[in-house]
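First up is the structure itself, then whatever we jot down about it.
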Amino acid sequence: MGDSDREGSWKNTVDLMNRAVSRRDFIITSGAAGVMTMVPRFARAQSAEPYRIGVLLPTTGSGANYSERPIKILPLIAADINSRGGLLGKHPIELHFRDDQTKPDVGAREARSLILNEKVKTIIGTWSSSVAMAVQEIIHEHKVLMLTATSNSSKIVNENYTPYCFMFGPTSGMQSRATVVAVTRLIKEKGWKKYATLGLDYEWGRDAQRVFVENLKKASPETELMKELWAKLGETDFTSYISAVMALKPNFLFGAIAGKDNETFLQQAKGAGLFKGIAYPGVFLPVTELMQQAKTLPRGIIGINRCPFFANMDKPLMQKYVKLYKDKFGKEEFPDDFACMYADALNALDQGATKAGTVETEAVRKSLTGATIETCQGKLPIRDCNNQLDCPSYLGEVVDVPEYPFPIFNPKTMIVVQGHDVWVPTCDEVRALQKKRS
Amino acid sequence: MPSDLSSFLIQLFSGLSRAMMLFLVASGLSLIFGVMNILNFAHASLWLLGGYVTFSLYQAFSIGFGQHGFLLIPAILLGTVCMFGIGWLIERVLIRRTYAYELPEQLLLTFAMILIIGDLIKLIWGVQNRRIFLPIEPIEAFGGFINPYLFIVIGCGFGIAAALWFFLHRTRYGKIVRAAVHSREMVSALGIRIPAIYAGVYAMGVAIAAFSAGVFLPIMPIGLGLDMDLIVQCFAVVVIGGFGSILGTFVASLIVGILYSFSVLIWPGGALAIIFLILVTVLIIRPWGLFGTEMRF
Amino acid sequence: MRKRILQVTGLDKSFGGLHATRNLNFELFEGDLNAIIGPNGAGKSTFFNLLTGYHRPDSGTVLFDGVDITNRPPHQITRIGISRAFQVSNIFPKMTVFENVRSAVQAQMGMAFNVFGNAAKIGNDRTAHLLSLCGLGEKSPNIAGALSQGDKKKLELTLALAGNPKLLLLDEPTAGMSLKETRETMGLVDRLNEKHNITILFTEHDLSVVFNHARNITLLHHGEIIIQGAPDQVRSNETAQNIYFGEHY
Amino acid sequence: MPVETKPVALSNETEKNSCIAALHARAGLSGPVIAALGLFSLVVPLLPGEFPTIVGVEILILSLFAGSFNLIYGYMGQMSFGQGAFFGLGAYATALLCRWYQAGSTDIGYMQFFLALLLAIPVSALGALVVGFFLVRLTGIYFSILSMAFGELLFYIVFSWYSFTGGDDGIQGIYPPALLRDPHYYYYFTLAIVAVATFLLWRISRSPFGYTLRMLRDNQRRTAFVGVNIRWAMLLNFVLAGTFAGVAGALWGPFQRSVSPTLLGWMQSGSPVFMTLIGGADFFAGPFVGALIYTVLNAYVTRFTVFWPLTIGTIILIIVLFFPGGILSIIDGRLSRNRGSRDS
């Protein structure tokens, strides 16, 4: 692109970019990632050095499904900020996309490449927690900010905490505890006595299952865990697990399954009639899945998600995200949880820079830690001991509504569990978990 | 262990459906290796591609003729034909050139195809998972519920197995193919054009894979990376059964599928380890597999 | 009294019910240059395979130089002193002729597992000597796989010699050779036997070669020994003529 | 074909031509290539920016990894699809000991760090010994598949053994001692180790054992009949190769600051295969040249496209179809043609 951009305005660049993006597949944009997004430069002489941000998300392998909307919305948010001249009105944002391939060492290398070659000051992203933790080591060393939301292992903000990393969604631990809150309520309501768990046999699945079981034991000690089942990551045929669960005849099943495996499971479980006699509370159902599985999703199951737009349409920032997104990609398109959380992350950076009055990393970091920021879920504080956004988790029954072409969580019965109710209670306890870093 | 007969039966059918799924993908792999001596690393990737093609055909039919589940049948058939053509093309353009080379080059070629096909899918279909919705309702059987589609899957598996058996044992072309498994020289000495057989077998293997991908679409959403999850298991099945032996692949699929299904109850989480143990045992004791013929190297 | 170097008693081997050798009793004395003949499928190759540990016998014993080698693997038998040249040449096609022989020489020297030595400096003299002995000196730098059929057979013989054998088993050493090459090779065989005192047992289709060079001939048929004796004895034996020579004479 | 051992016109080459040609005559194309790579590697940290140095460290480590693989493939003639397992074992051995030493802080002493690196040698050797024990009974495609199966098995163990290996999250925060945290110092540190390892590999390739391997590659039956215990030879080689891979892996963790089970997976095992084939398996220098090309491409192509798999897949396709001997065989072909015309 180079020089031709100097003549065109920023708007043209964004239009050009989004014309490509507005094709059903974002992939053309990200395919030309390095080229398309790197030079949203202003012709204006007074504009200072651009603020470069690396976006590190997988577009290869099974994580790619959830990278689409974040990759689509981030340029829109950046364009919005840049229309005011950028950060502090003078540092236009440049986004640099990279594919982490869901491999930790690729993530680490791309992070280094972004920091050293593209001179990014912030890295947004990663989908898998293992990649996030590998990247954490790199950004800590180079003193670069990392804003994450999708990869939500509790370790990121506890054991592996670094002051440069900010978490904009609930961690897996927070989510599991939130599920317990909702499930305890249901146990009382429906008189459930016994349950089984089915988890994916990897860190996230194990962790989510363990936290759920431990906390449910505390909250409702009389509820009996009948059996723990574990399926391998990338399972394509859950039939055997489904029939095993059905033979147990529990009152409810807790599933720690995410991603495509989750969809496979739901589709096969529905066909097998699992949901006819067994409740399935707490399944992870981000807006992505509600939209993609609009037809196939069994109605009435109780899902959890992290940042649904439909629950926050009263918040101005959420209205803005949805509008930006629909204007660009069509009436049927909505930003999913991940898009909203990453959009929040970018907006938070803007707010942090404004508060600090500079784009210097140390100052921005300090101004964000402990600050209360405007998000699409309202004003939320960032915890000062581990940079965790005090964001809620949402649990609700999957129902159809006239407003949307896909099911949402029943607004009447939806349970919103606040972040500070389910995170590690005190900052002293958090600090005890955190390891010392040099 | 299953407490009563009904859950035992249900577990058995679950195992059968898994077995048929493995068989449908692995049979092409086995056939290609048996005849052409090529380990088609890219088999699962072509399987995935077949799924996407069938998906798109179904979409197109739905737009043309309105939503109807039965449109899946022509979509699967047309998708199978398309993938047969693609398989033929791949053999003619790429694989054919490597017959003169050693085994490693052939492995590498198909390895490279995994990477290329994965990215091509990304370019054409994007990164979203794809699925086909059929209004499947569970039916009551054996005192519980069961997914009726399982019977379609099992039926397709046995159907393909029978069709393959008929093809290999009762048709002239099939007999030539079987002869080629045993002795390439003999077949070419008979004046039969080996290249045409190779292309045909490769295309057929790919077509069977595409067919199975289509059949599974209503119960298995497809997405990037799915091929990686499947290929190692398919290798296991083919090795256990013996390369080139369709019967062996069939039996190995049954063993692996049913054992997996029951081990879910007994040793949750260890099912995969069991497959590996079987695989390693077979490779050490009988490297050419349960039904394979001893190596030709 | 000459020393008995090889003693085979009651050697049996069958493949799927088919007897390849049946109750074979056989012996060789130091310095022998003997031949085994017999029609195709008579069990000659199986006999060699049993002697060198390539197959395990179903029953029977093989004593070599007083050592029981019945169930030893090929590499041990080779190290003990029985070398073998195959009918179809078994060489190392991607290496040069010199490297072929040098590697075999180094193996004979017990250096096959020497990880830090410099291969280029070990066993060169003996390699060169063996190559010139077998008439391959000129071909040293050539890639073995590109040799002519006759030269490959010569290299095969050289590789067998590199093992510094007491007993040399040659499976059709002149198959595929021209008349001139055949004469050279068999001359070498005679020299090896006489000058270097290597006991030699060979099989051969070309009966003129057999009768010109072997001192003692064993006729195998259907895995059994039909007759054993000096060339004239075998030539004049009626059973032998019926089985074997009938087609030729 | 072992081009580097061509003794064609050995004597007049040395006299007539330059120093490079002399090296080539004595050591094939690999000699000058390795010498040039060695010289080049000394100045890499002087390149502007820190990134080339970081890519340099990756190249060095992956070179060793690919070189270890080529002991099995180029020299012994078997295709291993499980070499990543030993790379991963080495990485995990070092990482676990480092983590144990630096419990509670990120500091680690030099001696402790070197001990942690050394631990990779016995661990990967032991792993290779166990796997190799089963593996060396097979050859050809069965060797490939069983190596892959064992690789996956080890991957699966590391992946699921949460209490010990940290499961699929991996282990983070593995830092080398203070000085070596600077990539430039770590580069020279790695260079020293890789240089020593490369020298050892070179010696092995020219040793009698190296020729035993070539015999195994060319003709297993004949190898047995010159008196070599082929199973033991294959096993020794497998253990050697696994150990070198383990050393490479040991250097990887402290450099990336983290390890994860993907290091053991079969896709990871594919990368030394790619590198070796790109460079040329018939040359000692092949894996090293291949690692250089592959890693540089990987590091810089991703700046411009996310279609890295497509890119590398196409490159491999082209190499397999049109240059099956790898880059060095093209150069070697040119060289010999020129020399041939000069000579005649």
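Here the chain labels run A, B, C and D in written order, and each chain numbers its own residues starting at 1.
Methods note: contacts are C-beta pairs under 8 Å (C-beta built on N, C-alpha and C of every residue); 3 or more make two chains touch, one makes a residue touch a chain.
Everything numeric in this text was worked out from a predicted model, so none of it was measured.
Peer 1: Give the label of the chain whose average Cα location is farthest from that of subunit B.
Peer 2: Relative to subunit B, the chain with the farthest C-alpha centre is C.
Peer 1: Could you name the chain whose Cα mean is nearest to the mean of all protein Cα atoms here?
Peer 2: D
Peer 1: Report the inter-centroid distance (CA atoms only) between subunit A and subunit C in whole Å.
Peer 2: About 74 Å separates the centre of subunit A from that of subunit C.
Peer 1: Roughly how far is subunit C from subunit D, going centre to centre by Cα mean, in whole Å?
Peer 2: 41
Peer 1: Just the number, please: Cα centre separation of subunit A and subunit B in whole Å.
Peer 2: Between these chains, centre-to-centre, one finds 35 Å.
Peer 1: If I count partner chains per residue in subunit A, which residues reach a count of at least 2?
Peer 2: 27, 31, 59-60, 201, 233
Peer 1: Can you list the subunit C residues in contact with two or more other chains?
Peer 2: Counting only residues that touch two or more other chains, subunit C contributes none.
Peer 1: Would you pick out the residues of subunit D that each touch at least 2 other chains?
Peer 2: Residue numbers touching two or more other chains: 160, 307, 309.
Peer 1: Applying that definition of touch, give me each pair of chains that meets it.
Peer 2: Taking the chains two at a time, the touching pairs are A-B, A-D, B-D, C-D.
Peer 1: Show which residues of subunit A lie in contact with subunit D when the two form their complex.
Peer 2: Of all residues in subunit A, those touching subunit D are 27, 30-35, 59-60, 97-99, 101, 103-105, 108-110, 112-113, 116-118, 129-130, 133-134, 136-138, 141, 153, 155, 160, 201-203, 206, 233, 435-438.
Peer 1: In the complex of these two chains, what residues of subunit A are touching subunit B?
Peer 2: Interface residues on the subunit A side: 24-27, 31, 59-65, 67-68, 201, 227-230, 232-237, 239-244, 246-247, 260, 263-264, 267-268, 270-274, 276, 292-293, 295-296.
Peer 1: Which residues, counting only subunit C, touch subunit D once they are in their complex?
Peer 2: Those residues of subunit C that touch subunit D are 52, 73-76, 78-79, 83-84, 86, 90-96, 98-99, 102-104, 106-108, 111-120, 122, 140-141, 143, 159-160, 162-163.
Peer 1: Could you please specify the touching residues of subunit D with respect to subunit C in the complex?
Peer 2: Against subunit C, subunit D makes touches at 1-2, 5-8, 10, 203-204, 206-212, 214-215, 217-219, 221-230, 232-233, 236, 240.
Peer 1: Okay, in this complex, where on subunit D does subunit A touch?
Peer 2: The contact residues of subunit D facing subunit A are 49-51, 54, 58, 104-107, 159-160, 162, 166-170, 172-173, 175, 181, 252, 256-258, 260, 262-263, 299, 302-309.
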